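Some structures are shown below for you to check.
Two complexes come next, and they have one chain in common, subunit A, joined by subunit B in the first and subunit C in the second.
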Partner chain A sequence: MNVLRLETTSDPALLAPIRRAIEAFCESSGFSECAVCETGLCVNEALANIMRHAYAGAKNRPVLLEANFVEGLLQITLRDWGNGKDPSAAPPKIDPLTPGGLGLVCLRSMMDEMTYTPQPDGMVLTMKRRKK
Partner chain B sequence: MDVKTASDLVPWARTEGQALIVGVKGEIDLHNSPELRTEVLDLIVKHPSLRVVMDLTLVPYMDSSACAVLVEALRRVRAGGGRVFLVGLQPRVKSLLEIARLGSIFVIAADEAAALAVK
Partner chain C sequence: MRHSRDSAAIGMRTASFIITAVGMAAMGCGHGPRHVTDPDPSDKIPAIHEAVQLNDRTAIPQLIIDLDSDDAAVRLHSIKALRALTGQSFGYNFYDDQERRKAAIEKWRKWYSRQPKP
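Our next item is the complex of A and B:
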């Protein structure tokens, strides 16, 4: 079992190092280069949504990332203590020239499963991807 | 003619006839995309062009916030009757543009010479 736990904050300057950490985790779990890159992008997009929407741009709020890889299944959870709004409840992105919504498009197309679970004090996003 | 730039993310830019050619460098995410936006839109305003070529050869990674910058630039250039060309796309950048369904909205060219040769 491979495990990663990162207690971090909502500072966009941390996006790149966190992305690299999850990419290294996926690589060490044996995922293909394509899967590593896609998972890194999904974590980037999910974190950016937390920063922009759940925390409305505040840079010093807590975010907890946990990842585990067990029997071929990668599971990543992102916990925030923000406004608790479910981003997946927004209308789907139809016009590519309309701003917003691309992050969710990435999550939906690149992950096998994606679930937002509201909490009394925030949100948990769970993403799953099986190693092919 | 070389154009002065104010950001490391845009290390160079120049005009050539009615074209503005903009070189972008680095990994672009929510942390630095606002800086890229400021620089690119400033160049577009100061150097109105019918053909804007964004050279992304030195961009190994970008996220949706960088895509939003490209789309905003496209809107501005289109409003003036121009077109935006993207050249030098690395695999991760190309993949994101395809997922965003932007691959057919921008004009994608292999390199700067190809973009400038398009009628």
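Our next item is the complex of A and C:
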């Protein structure tokens, strides 16, 4: 079992290092180069959505990223303590040229499963991807 | 002679600028003095960062209190500061539920009560 936990904040400057961390995690779990890049992009987009929408641009709010890889299944959860709004309920906006612009379209097409679970004080996004 | 007087004046102006700049940096660049006891997270969190930068261990009691904050951001920044200042964590996770946090906070309190006081 491979596990990664990152206690981080909603600072956009952290997007790149977090993306690199999740890509390294996927690589060490034996995912293909394509799957590694796609998963990194999805985490990047999901985090950008949290920063922009759940936290309205505030940079010092908490984000907890947990990833585990068990029996061929990668599961990534992103916990925020933001406004608790379910982004999947909002009308789609697609702008592939800005971080977060691919948002849910990207997540849905590249991950096998994606679920938003509202919490009393925020939101949990769970993404799953099976190793082919 | 005039040259050395000019040099002295420039030196004084430079020193004055440096003192002002250092003072402003310590106060948070234009903000009033911040303190970790400030109830407003937008002041408290920068104050927590300043306490870590200055290795200000007098902030520790307030940081321990803030491990029980309702605000997850305050909890996160407080435990990061405590780890930086003390090298300890006592099993505390900012994202744990209140019951689990309580046990770890108790360990922090016991640890602090055993520390030599100034």
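Everything below uses one rule, namely that the second predicted complex is superposed on the first by the 122 of 132 C-alpha atoms of A that agree within 3 Å, B and C clash if a C-alpha of one lies under 4 Å from a C-alpha of the other, contacts with A are read in each partner's own complex, and residues count from 1 in each chain.
The working rule: a contact is a pair of C-beta atoms (placed from the backbone, for glycine too) under 8 Å apart; a residue touches a chain by one contact, two chains touch by 3 or more.
Quantities reported herein were computed from a predicted structural model and do not represent experimental measurements.
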Message = Using the superposition on subunit A, tell me whether subunit B and subunit C clash or fit.
response = fit
Inquiry  = Contact-wise, after the overlay, does A:109 reach subunit B, subunit C, both or neither (first, second, both, neither)?
reply    = first
Note = Value for angle(subunit B, subunit A, subunit C) over C-alpha centres, in degrees, nearest 10, is 100
Ask   = Touch check for A:75: first (subunit B), second (subunit C), both, or neither?
value = neither
Message = For A:121, using the defined touch cut-off, is the partner it touches subunit B, subunit C, both, or neither? Pick first, second, both or neither.
response = second
Query = Where does A:64 make contact in the superposed view: on subunit B (first), on subunit C (second), on both, or on neither?
reply = second
Ask   = Is A:88 in contact with subunit B, with subunit C, with both, or with neither (first, second, both, neither)?
value = neither
Ask   = Does subunit A have more residues touched by subunit B or by subunit C?
value = B
Task = Pick one for A:7: touches subunit B only (first), subunit C only (second), both, or neither.
result = second
Query = Between subunit B and subunit C, what is the shortest CA distance in the superposition, whole Å?
reply = 20
Remark   = Overlap of the subunit B and subunit C interfaces on subunit A comprises residues none
Contact footprint of subunit C on subunit A as seen in their complex = 7, 9, 60-62, 64, 79, 81, 121-122
Ask   = What part of subunit A is in contact with subunit B in the complex they form?
value = 12-13, 15-16, 19, 37-38, 41, 44-45, 48, 51-52, 96-97, 99-100, 102-103, 105-106, 109-110
Key: Residues of subunit C that touch subunit A when the two form their complex   = 45, 71-73, 75-77, 80, 93-95
Remark   = In the complex, subunit B touches subunit A at residues 27, 29-31, 63-65, 67-68, 71-72, 74-75, 92, 95-96, 99-102, 105
